[in-house]
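Encoded as structure tokens, here's the structure I'll be asking about.
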């Protein structure tokens, strides 16, 4: 059970506050659901009605909003970011034991720092290095020559193939598979010849990777996820992809081989990105969009058709197939009209 | 090897039958493939030819069809549902051992009922409760404070994060990950600040969840899967989603954060559903559809373009980009025509 | 560290070479990145500039190109396939130990050949057979009655449900789940009655299956993956699907139940394929395409709209909904024009 006074919270995150310094805060909640010992936050103008009726013990608001409410407030130019920082004080996750579970199978060549936590049934192969305060969840597999930085957290049942490199503060959720073979085969007489994937995967500082997400090892050079990248669940990142700093990729996205995604991009859920293309920094791809070509300029990009009732949609789809024909008929109509108008004018002249 | 007489089957499921009470049935098959000791079923009129030629020892049919065939029959108003119920008699899955495997790592605080089955290398953390007759497959990870109801089945290598709650009769297939962090970050100076996910996941009665499916824990309140929901493989359900009773979700669907899906909905495979929207009860979303807005009315909804040869498709896509221009040109054509027609009439008047 | 002379490489793969027989080759790289002991390859005419400037110790080229360069060369009619074959000589993956790890839990009924490698915490149930030289990675679960052929490789944390059959030379990557229940339920009074899945999964010779891919067991008959099929990561293959010989399926594809895919097909990443349909041999489905109907003829098929800026796209989407109306207005314009032209002509005649 967490408990802070308003004053304590303000001093921990070094912001100003307004109201009762001794107001006790035990949890975080929404404006609507908050009770009198909950902290809440106001970022979305549409929630103004909730702000006026909330029972929250304190609210994170901008200096301007702080004038307009009698509630206890924590004041920030970016209330949503302050909320994010404060969630770390109300963490419910049980602490790791910082011990090595006796059931773990660790290659004799491996030397681990005292501060790591190795869960039950973890398997660590030869030549692995793990940094201080890193937590390896139960059932994880750490392949040969893997290096894991400081303060990394692997949740249970993660698989890291040989030669994978994680920088510090990397978080991998359960079922993530890093370093499996890229999908590479050469066709020869109706058969596929396997291309052994000689590269590896390198993951930067402060990267978080979601559950059951897959990042394949490179064919020749490495697949690279740069610092600060955030990747959601069930994402497929193929061999030799590079994802630039601080880019965020939502769930169910697929990125095909050798594509380069810029920095500070946002890729919406379910988007498919073609191989061997480049997305510029700051590109935002809408959910479910199909990206077939490179994108040279920052901006928001979309594809697909809007949702319709199945009945109407069937009509639209038939016409979609006829689009080229329709366009040509419009052209010929335009020609005929012009001719007709001409003759009209001549008559009037006569 | 299963074996029943026609009479036995009829009495077990309490339906009428027609034909030889002593007909032996050892398995279930399709009309086409059935041999003389197989039970089959007729639900699809297109399979009438198979019905006339089947070698099945007995067939599940409606009372009306029973008149039209000389085969042995089991009679039901809903033959497909009766087939479904009867499959449970021909189950081939090996029974669990209902023992605790010595290799399982179970926190000392945990008290398990005698009737549970705990597989090899299962890890069970502090404060976990598991109901009678539940089966936990090999290599599953059960996090702190998880509660699992009665007669649940977890197939091997499932991961349940801390605080996850499963009601009775819940089935989770291998690789499912329940309770991983929702994808929540607040942007601040080109960086992402992690929002600690303080909620959990609650899963209702008689829910089945497919292999490698992910259901994220809530940001503040819980992510909720209501009673009777069926979810296929490789589905992503983001934080704070609510899925209503008896809704079925096919494979590869992605549902973004805070969206509410109604009861008795059907979501087709590969569909992408936007965040912060609401789907009414009884909504059917076609496979691969992109749902960007709330749907207020039950019905079937679709999006996307039909499949074309790549050559024709390239033409359609070019025109899709020109659609707005095409529409405007049609308008101006209509104006010109009206003018021309007017002047025509005047001439005739003169 | 691998090391071969040019002459050795030529003789191993039985091709001609040109240049210094004693040139030492220690690795494979791209034309651009290669250093003087790297082997590279030239398949893409667009890389001609790199060919002219590469520092590679030798290059795989066609006989024709061999005339045009002074580099050391290995000569092949299909340089890309020769590159693929040669990657196998520069393999970095640590060898398995070909031992049975003491932590593995193996049912007493199971007899294993001496040459297999069974990793830590592997669970092998009753009645399993495994062929010579097969490698089962750490944490894999091998269900009852599974049969695994010779020289198969299961990477860590693969789950094989009961009755799954793998032929020889099958590779399964981490997190793959083979034989989970197909998604089958019969509706009865707003509820779903589970259809027990009585079939299994059969996987052919030289099949490779990617990380976290799911292949469901059949409802009555088996789900079948034929010889030489290659499947990427995060692919969903539903019950009773059949995938024909040497077909390749890229990442994030979903194939719904009872669909039959022909031989030598290529399914692009993120494609969704409907259930109960048939794709002919040699069909190529573009990435992210939606296949709703059977395809009878080999060829390349696509769907979807091109990517646009969100602003332009919004306009196109509105018009997509109006397509049927637009088409009808074009028709009526064409009628009116014809009438006007007629009267025009009459006037001229008068």
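Some notes on this structure:
The first chain written gets the first letter, and so on, giving A, B and C; residue counts start at 1 in each chain.
Note that in this section a contact is a pair of C-beta atoms (placed from the backbone, for glycine too) under 8 Å apart; a residue touches a chain by one contact, two chains touch by 3 or more.
Computed from a predicted model, the values in this text were never measured in an experiment.
Taking chain B out of the picture, touching still joins the other chains into one piece.
In the contact between chain A and chain B, the residue numbers used by both copies make up under half of all numbers at that interface. Separating the CA-averaged centres of chain A and chain B is a span of 25 Å.
Residues of chain B found to touch two or more other chains are 103, 121, 139, 157, 175, 212, 234, 252, 304-306, 308, 318, 320, 323, 326, 330, 333, 337, 340. Chain C makes touch with chain A in their complex at residues 27-30, 33, 78, 80-81, 83-85, 87-88, 90-94, 101, 103, 119-121, 137-139, 155-157, 173-175, 208, 210-212, 228, 230, 232-234, 246, 248, 250-252, 264, 269-270, 287-288, 304-311, 313-314, 317-318, 320-321, 323-324, 326-327, 330, 333-334, 337, 340-341, 344. On chain C, the positions that touch chain B within their shared complex are 103, 105, 121, 123, 125-126, 139, 141, 143-145, 157, 159, 161-163, 175, 177, 180-181, 183-188, 190-196, 198, 212, 214, 216, 220-221, 234, 236, 238, 252, 254, 256, 272, 274, 286, 289-293, 295, 299-306, 308, 312, 315-316, 318-320, 322-323, 326, 329-330, 333, 336-337, 340, 343.
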